[in-house]
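This is the structure I have questions about; it appears just below.
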Amino acid sequence: MTTATAPPEQATSARSARGLVDLVFRARELSLVIALVALVGVTASVNGNFLSGQGIEDILLNTAILALLAVGQSLVVITRNLDLSVGSVVGLVAFVTGDLLASGWGIVPGMLLGVAIGAACGLLNGLLVSFCRVPALVVTLGTLYVIQGVDHYIAHGRQINAVNLPPGLLSLGNGAVLGVPYLPLITLVIMVAIGYYLRSYPSGREFYAIGSSPEAARLAGVPVRRRILVAYLVSGCLAGLAGVLWLARFGTVIADSAHGWELLVVSAVVVGGVAITGGVGSVYGAALGALLLTTIGSALVVLRVNPFWQQAITGALLLLAISVDRVLALRLARLLRNRSRHG
Amino acid sequence: MAKVLRWDVLVGALLIAVFAAGSLTSPSFATVDNLSFALGDLGEIALIALAMTMLVVAAEVDLSVASVLGLSSALVGSLWDGGMAIETIIPIAVLTGAVCGLVNGLLVTRLGLPSLAVTIGTLALYRGLAYVVLGDRAIAQFPPDYTALALNDVPGTPIPYPIALFVLLAAIVGVVLHATGFGRALYAIGAQEQAAFFAGIRVKRVKLLLFVISGTVAGFAGVLFTLRYGSARADNGVGIELAVIAAVLLGGVDFDGGKGTLGGVIAGVLLIGLLRNLLMLGDVSTEIQSIVTGLLLIVSVLTPRLVSLVRPALKGSP
Amino acid sequence: MSVTPTLALANVSKSFGAVRALREVSLDLFAGEAHALAGENGAGKSTLVKTLAGVHRPDTGQVLLNGEPVVFAGPADAQQAGVAVIYQEPTLFPDLSVAENIFMGRQPRRSLGRIDRKAMRAQTRELFERLGVALDPEQPSRGLSIADQQLVEIAKALSRDARVLIMDEPTAALSGNEVARLFSVVEALREHGCAILFISHRLDEIFSLCQRVTTLRDGAWIASEPVSGLTHDDLVRRMVGRELGALYPKEEAPLGEVALQVERLTREGVFTDVSFQVRRGEIVALAGLVGAGRSEVARAVFGVDRWDAGSVSVDGRRLPAGSPTAAMGAGLALVPEDRRQQGLVMELSIERNIGLTGLGSLRRGVTISRKAERDRAKDWAVRLRLKFARLSDGVGVLSGGNQQKVVLAKWLATKPSVLIVDEPTRGIDVGTKAEVHRLLSELAGQGIAVLMISSDLPEVLGMADRVLVMHEGRLTAEISRADATEESVMNAATGRAA
Amino acid sequence: GTTKSSVTSAPAPAPASSSAAKADPNAPIKQGLKLAFLPKAINNPYETIVDNAGIEAAKEYQGEAKEVGPSDASASSQISYINTLTQQGHDAILIAANDANAVCGPLQQARAKGIKIVAYDSDAAPECRDLFINQASSEEVGRSQVKLLAGMIGNKGDIAILSATANATNQNTWIKFMKDELAKPEYKDMKLVKVAYGDDDDQKSFTQTQGLMQAYPNLKGIISPTTVGISAAARYISGSKYKGKVVLTGLGTPNQMRQFVKDKTVTKFALWNPKDLGYLASYAAAALVSGQITGAEGETFKAGKLGERTIGKQGEVILGPPFTFDASNIDGFDY
């Protein structure tokens, strides 16, 4: 009987294999950054203002809210679920909070309530999906309609005007520390916190385990339902926060803030390399995805692209992004397979 | 074994309930006029839902349908405006739909991208192209005898032509899905793609075909939409993809693929349509309508779950 | 015995709908003892395992931990109680690295409770050393062969250094020296006072590893006794409840012309220059160590994988690369090694699964004839003695072995002229094994060419007219039935000149 | 085959009801009329103001009016409402059409059932409605907007238009007249560099404005003839470095714009009184149903506090010239 310990050449091939694995996973974020740099480069070379202080500030501000939602969404998607209701949660929170603040509530209680509403919506989704084990897509599509309905019912054609809002809130939306506006900062902090947790904490890894194979996760003793519940809860809270920030940013809101954003958020997540089938991806990727989408939007205007072409080009670029990323991943994977084999 | 309450059966029951409630509460509900209005309104959604059902059973999805509809509508508009004959325009528009579907299919099957991602992309792309084609123009004055076809009932019946067509196609899709090898293949692919491939099923070819079908139907729906409303605009049918998805889900088709019946989907489509119509007749505001629709979706998935949770407790061992 | 068992079942019953998987079964697992569980496919072994693991709750009866009744609400509880389980079907996270798979939920920590990846990698390597596995801890577990997956599962269980180690057919996919490795490790654990429950359909493994054996038949407890007093046949009789014919009923069949011709077949990084032929009426075995590339060759021949160079021809006609459909058309059939992913559609019923390979032939006009579909299924279910409630039941609920039978049925129903079987008897009980073997030689007798990939050496020696041996992706030896011995095959398989 | 020319050459179907019956100017307004307002979308604040005013007006003449409508400003969803209203049998439907042509068929069916159709805010195809209550003559709106801006930037520099959706009928008519006005010699130094679309979506209009600023560094002025657009644009400018450099005007409600007028982001903008629009539409419908008017040119009717109104060509009734708001007068208004 031969001892089948790894022969040296296998060990080395294994090591190079690991390098490749990391590359494959990094590649997703990497290709995004490259695309982003290219896009900004081209645009700036055509129109300098794009990289002016104001220009950058605008892009960061525009990205902040979408990125926040994308971070929450990716947490859900990683567990092989989906939350289509985020758009309408933002709408509901933005209006209700605005309504209360306009009617004299304090900023802090108002914001807290906003986040609380988001949390409640997330909790509802979470309970239905994790404990009643009903398909996420149906449930969240359902809650999308319900929450939207409630929102419109409350608003009933009214409008919240910036004048009636506490200046403190508005300055949160447009103010900055050392030139960096608050909104992107808030998003950044939350993103890094969640990202670090997902990567470096056992319970964080369990989200990936669940998405990768729910059945195996159950057998491995992972508290599947609780984790999924948490995922939706977080997504809900962030949607709530996004709603508050939306109000702070835009001041005047009517019922349909972020109307139809659910697909936008999902595409940001997907472009960000989070596998819709769960188990793969990072919140950083998702946030980058959001940044890319927003930048494309702004760039096209700045490049004076005919408005009737803008949407088409956005779609094309979106497809290009995911295709390139995919091809890259496939290449590296094949490379990896051949190396990891017999020396 | 205890027979579990089937989702599509439940939806069917709900449909009947709504109909009964309607005829009792509102005098104008069960009238021929109203029903043919209500059905007519469903035309495009119902047609697209047929193709979507087959896709979802095979564990894929096409979110770009509404945009394909828009693009086809825009084409019809600009070509008609350019003086081309409607008889040539219609095939062109339908063909364009097919090409759109082909692009989706190629991206999914050749690159192995998730269809959700791809079709979110093409959702933007095709809608964008619609604007490129028609811009801010709104084309009208389509030939009355054609708009009539899209709007009127089959002579001597309360059934609008689009619905008659739908019934025909539904019958065909029903047979294909539930009684042919192709249908069997779809369920296998949806449930366990690799095993289907090992069994010699041409998985990629089948999927490609499904996307082409979906695109073609959407393209045709675009023509129908344009003629029915007698107006071609780049923003025609924005957002109906969610309505279609809702109907399919409500019909009990599982998004993980491999499960679901066409009967369920048809019931789902009708349920959403009639309920909305009933609520409108009752002057129920749009907000409440949307709330009801949402609750309907949730209830329709929740009930069977709860029943199956409660059942074991009730039944003793056989 | 006076000592209290570490873990025990007392009069446990468990039914699934109409199926009574366990009836009043009792079982005692003692520290420092390796306890075997034997029984036909569907006897209830895995169900028993899952009951001990907290996956299933007993309908009646109790689970006892150190003599105290316990209720495991879920797998987590059982793990808390120091029970480590290797399930019959690998349960890995395909997207996560091998190391993470092994340590999920129990990762080594550093400050602030963060995961210590370095330590995790190191410990994984150390485990693999012990088991002699050559896998990269960082490689994602997607794409691992069944065997590699099984090895990772074993490493996972061992890493728990549990008080009770339960293994449901861990060796099914393994070949000789992995098994030997595994046993030496398990031995060591046992000496350290770990209680072991071991399930296998390879009886000699039971005799070499275990002290006691419990037999189940149709979910009922038959006997628990020391292995020492038992003969091979006693055990088989207890399991099957009847006398059994020869396990390797190989009768000579006249060799016809070449049916399958493979020439210089190469797939970059997987296998190189593989050439062989199989004649009508011949059974050719493809032996080798895990990861030698046998399945890959089979997959390429059948067309599910593309090949980079070389050619495959059936009855003289060349096959296009990468088209299973064409291969089937030419009369090829492949019973794949991974029944869950490749062999079956778990959600579909038995009849639908068996019908899947004959969608063309079942057609009457445009539609499928349900009757034809059902007859086809019934016919083969009977011929293979499938254990099932209704043909319309999902295959997912069948026992492992019975699932394997469905896969066989599905392919035999295509009346192939060349049959490739990859681990055909993996997870199949002795009774059925004998049937499958009889079936194979019967088919050969009817002039079908059979290529059999197997990691079960006795099977290879017992059934094959010729033995091809692969090592690290190359064909290293061709041994005639006459010269084929354990040594000659193992030598070739481990790369030492035959 | 059937081509556009072969169809349009055929005589267009004559309007169903108008001028069929004889108008009786001093017929009393019928009691208990049932009217329904069908806005572009129910959650559009501007439309809400209009419709509520109309509903109030109905009370004055003991009629009952309601507002129903879709939550998205799309033609198709508006049509199911027209059908339903027809089923329910109303005396008149007042509609702000999302698509002039798409609503035509159903409106004709409604008229066939004897229901009067009054379009307001955004017109339907003339042959499908009896009256159109126009907030102000489209031509006047278009030209006056240009005049307003020109006055503030001294007839000089690049300007852009921030519109609603690319398909909004009223927007496009106004823009047509703006371009026409700009063609005049006195505006030769003013250059329209871009028409951007904010889709009447607050956030999109906001970012579109950003884009304009960056894309056209020496932009002098923006016209946003939509209440959503102008307030979003004003908000961006007020918070950006472009404040005071770029002049913004257009159509907005005083309540939305008050703060921006106060903080000097906007000096002048225009609008008619939306309450009056709803009020007028409501009375016109009543007059129509009661047979005081048939929709023919030259007929007159009493519109309550707004006094006597005359029907112009193509059944159009014009509310009056848009009113220009500035720091001096804005506090006098609340809507």
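Which chain is which? They are A, B, C and D, in the order written, and residues in each are numbered from 1.
What we mean here is this: contacts are C-beta pairs under 8 Å (C-beta built on N, C-alpha and C of every residue); 3 or more make two chains touch, one makes a residue touch a chain.
Just so we're on the same page, UniProt names per chain: A = Autoinducer 2 import system permease protein LsrC; B = Autoinducer 2 import system permease protein LsrD; C = Sugar ABC transporter ATP-binding protein.
Just so it is clear, the structure is predicted and the values come from calculations on it, not from any experiment.
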item	value
Minimum number of chain-to-chain touching steps separating chain B from chain D	1
Centre-of-Cα separation between chain D and chain C, whole angstrom	74
Distance from chain B to chain A - Cα centre to Cα centre, in angstrom	29
Between chain B and chain C, centroid-to-centroid distance (C-alpha), Å	44
Residues of chain C touching at least two other chains	none
Set of chain A residues in contact with two or more other chains	148, 152, 156, 275, 307-308
Numbers and ranges of chain D residues touching at least 2 other chains	42, 71, 166
Set of all touching chain pairs, with the criterion as stated earlier	A-B, A-C, A-D, B-C, B-D
Residues of chain A touching chain C in the complex	1-7, 10, 14-15, 17-18, 21-22, 200-202, 205-206, 208-209, 211-213, 215-223, 275, 278-280, 336-342
Touching residues on chain B, where the partner in the complex is chain C	1-2, 175, 179-181, 183-185, 187-188, 191-192, 194-202, 258-259, 317-318
Residues of chain A touching chain D in the complex	47, 49-50, 52, 54-55, 58, 62, 148, 152, 155-159, 161-163, 174, 246, 250-259, 297-298, 300-304, 307-308
Sites on chain A touched by chain B in the complex	128, 132-135, 137-139, 141-150, 152-153, 156, 260, 263, 266-267, 270-271, 275-277, 307-316, 318-319, 322-323, 326-327, 330
Touching residues on chain C, where the partner in the complex is chain B	15, 17-18, 59, 304, 324-325, 327-328, 334, 336, 341-348, 352, 355-357, 359-360, 362-363, 366-368, 410
